[in-house]
């Protein structure tokens, strides 16, 4: 059993009267790729939001590298090296790809003085090599807002890597991406995990992708943790099949 | 400081002053609430903040003033109160027509732009309108004499101008008419549908552009009514519009959009608050108290939302 | 835009501004107003154009700066502020400053005004800049309006009847001083902004404009960047306000100090006219606006404010990209045509 980087324990979250997450406990091991699946509305994105501090939780604890973070705000958590991406891409549309990347260089402190510098040569090199890594080299001088949805997702992923996170929460990285490009993206995610040692925690709807990618998968249904295990175990778990097919 | 304390003392010694401040606040507040409701309607339905609201009110006042002048010269024997009442639909129609022209020429072109753009564009309209009124109607104060006496009670300790009473009554009557229109007419339903989800309303076959035009014209009519009330309750002057704009603004911020009951409560509350603040801290600080309440209220709302890690936007 | 052509253009403009007082000695008040307009247009655009925080409330710093300078001149001239303001009714004659007293009071005042407003900007910004979008615009509008009303009720600065500046002593070329002080800050601020917009600080300001939530979720120090930018802008606004008040020689709370219907809208109009979010836009916008304004006041007197209102509506509705926007679009189209030509 490897070291646990993220420990979610008995987390509950409700909006108004609607319970989105109920008593969820998940451990994410460091340096691995962990999957999070579940039908629409099962509370996956809510759980991500709770982890990175988008909203407060009602009860439970969330520990990142042994440190309680559930009371912290999104910026503070990001400065600890824990980032997320969004289902709908979030990029800076009025700037080109390189500037998007340069902005994403990490700042891990409140001191503003370092920001009164022009970007260094290393920053440009790193930006270019990461854009190359996700295959966007030829598009890097276009306005980010003019890129296709799939390209924006790749850019957002590259921006996240530029921030040098230890752990990255990816919300449906392949949704909306041209199916012919998905294999390449899986390859990039695995490469990011292996080359940069980034722990990945991935929400994914595409079963083929997640089974291929993750070593361990957690299944949410109706806001509760339904099942956890290896891809094979999950694929053969009758409760999971029931949850996915039950509504139909 | 001493002045403030002695004013407070006065409120304690002569409790009837409180009553007078309260009643006058309620009467004046109902006129402000009417104007603010028009602003909230346009803001909520069209996402446009109409800074020219006050200038529309003043325009309505001039329409009423000239109509009454004209009519009472024609029929000098009739009681002025008849003309005051009749001036209301006239002013409403005039300002509604004017609003429609403003909509067609300017507002229709900024509908999908940022709210900030609407602030600037309608500020430009306000400037043009106020200066035009200044040129055409001159800067003289205009007032309509409703012929109503001041009602005094408790041995002249509580004085309530009859014109205010009439103005508030007419304001309330207008508000009731508008609520009925909004609730029961097809037009009202279409407005509500459009404000909730313009795209869905469009798909359902509602001509949203027409709804926007009618909403803006309806706001013009409301301003026209308010203007003719203002003409006999207060005074009409080309540059006085900003008073009504800023107060409506404060009321809408306090009340939020789309809830007429909240707008009325906020309008009455603001006027009462303002009357008391003016009495206690002196009339020169009355306006400061009105305008400062906007940032204060927004700050409080922001701090509350912050705890949910949300933003005021 | 970093070609030798722009460098030469910049140099030509600078030389023109340096000699302008000799070319137009009869238009010194218009020229010093122009410097003030350039300053406030640049300072407004720093927040509105580059950071996406459209504010109506910068007149707050403008007015406070003005009051500080006037008070500094009175106090360092050896008078009591309360006596001065209460006596302003008719006997201004008894409050005479020597040239050195006047200049020291002015210099100390303008430095104090800028620095105090910088910190005031930090303080206010740290709270109000947590609001987003139009709530921010509305709040700043209300603050600007309220500031005038509050100033109206403070007797020591003349309350509603306003406050005169001490009369500039004979031999003090006031407008030349104001003009060159304005120009000095224009040059410094321009150099500063050209540099700032290329630093990470400037990049993060742009990121806040494009998607603040994203910038925050990447751990960027958005809150302190916002407050600092606001404070820098407050510094410039106070400086500009100090010059403007000195030029008018009289402070009226709502017409001169906190003029949310004139300066408070003009600053935005100039930035939009020239092109928001560009460094040259506010400068060009200020120059064009000042020309329009003077033409209106000269040839349309009586109707000048009607014309100005129409100008606002037309610019905002029909030309939101401004002059620089049109220029950049033209350049882009030309480049596309050129590449299309090169391909065939």
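We call the chains A, B and C, going by the order they appear; numbering starts again at 1 in every chain.
In this text, contacts are C-beta pairs under 8 Å (C-beta built on N, C-alpha and C of every residue); 3 or more make two chains touch, one makes a residue touch a chain.
Since we're looking at a predicted model, the values are computed, not measured.
Among the inter-chain contacts, the highest number of C-beta pairs connects B-C. For chain B, the chain whose average C-alpha position is most distant is A. Chain centres here are Cα means. That of chain B falls 33 Å from that of chain C.
A straight line joining the Cα centres of chain A and chain B is 50 Å long. Mean C-alpha position of chain A lies 44 Å from that of chain C. Counting partners per residue, chain A has 54, 74 as the residues that reach two or more other chains.
Partner chain A is touched in their complex by these residues of chain C: 196, 198-201, 203-204, 206-207, 209-211, 213-225, 228.
In the complex of the two chains, the chain A residues touching chain C come out as 52, 54, 74-79, 83-84, 90-95, 99, 102-108, 110, 112, 114-119, 159-160, 163. Chain B makes touch with chain C in their complex at residues 49, 106, 109-110, 113-117, 119-121, 123-129, 131-132, 135, 242, 246, 249-250, 253, 282, 284-285, 287-288, 291-292, 294-295, 298-299, 302, 306, 311-313. By the touch criterion stated above, chain A contacts chain B in their complex at residues 53-56, 73-74. In the complex of the two chains, the chain B residues touching chain A come out as 307-310.
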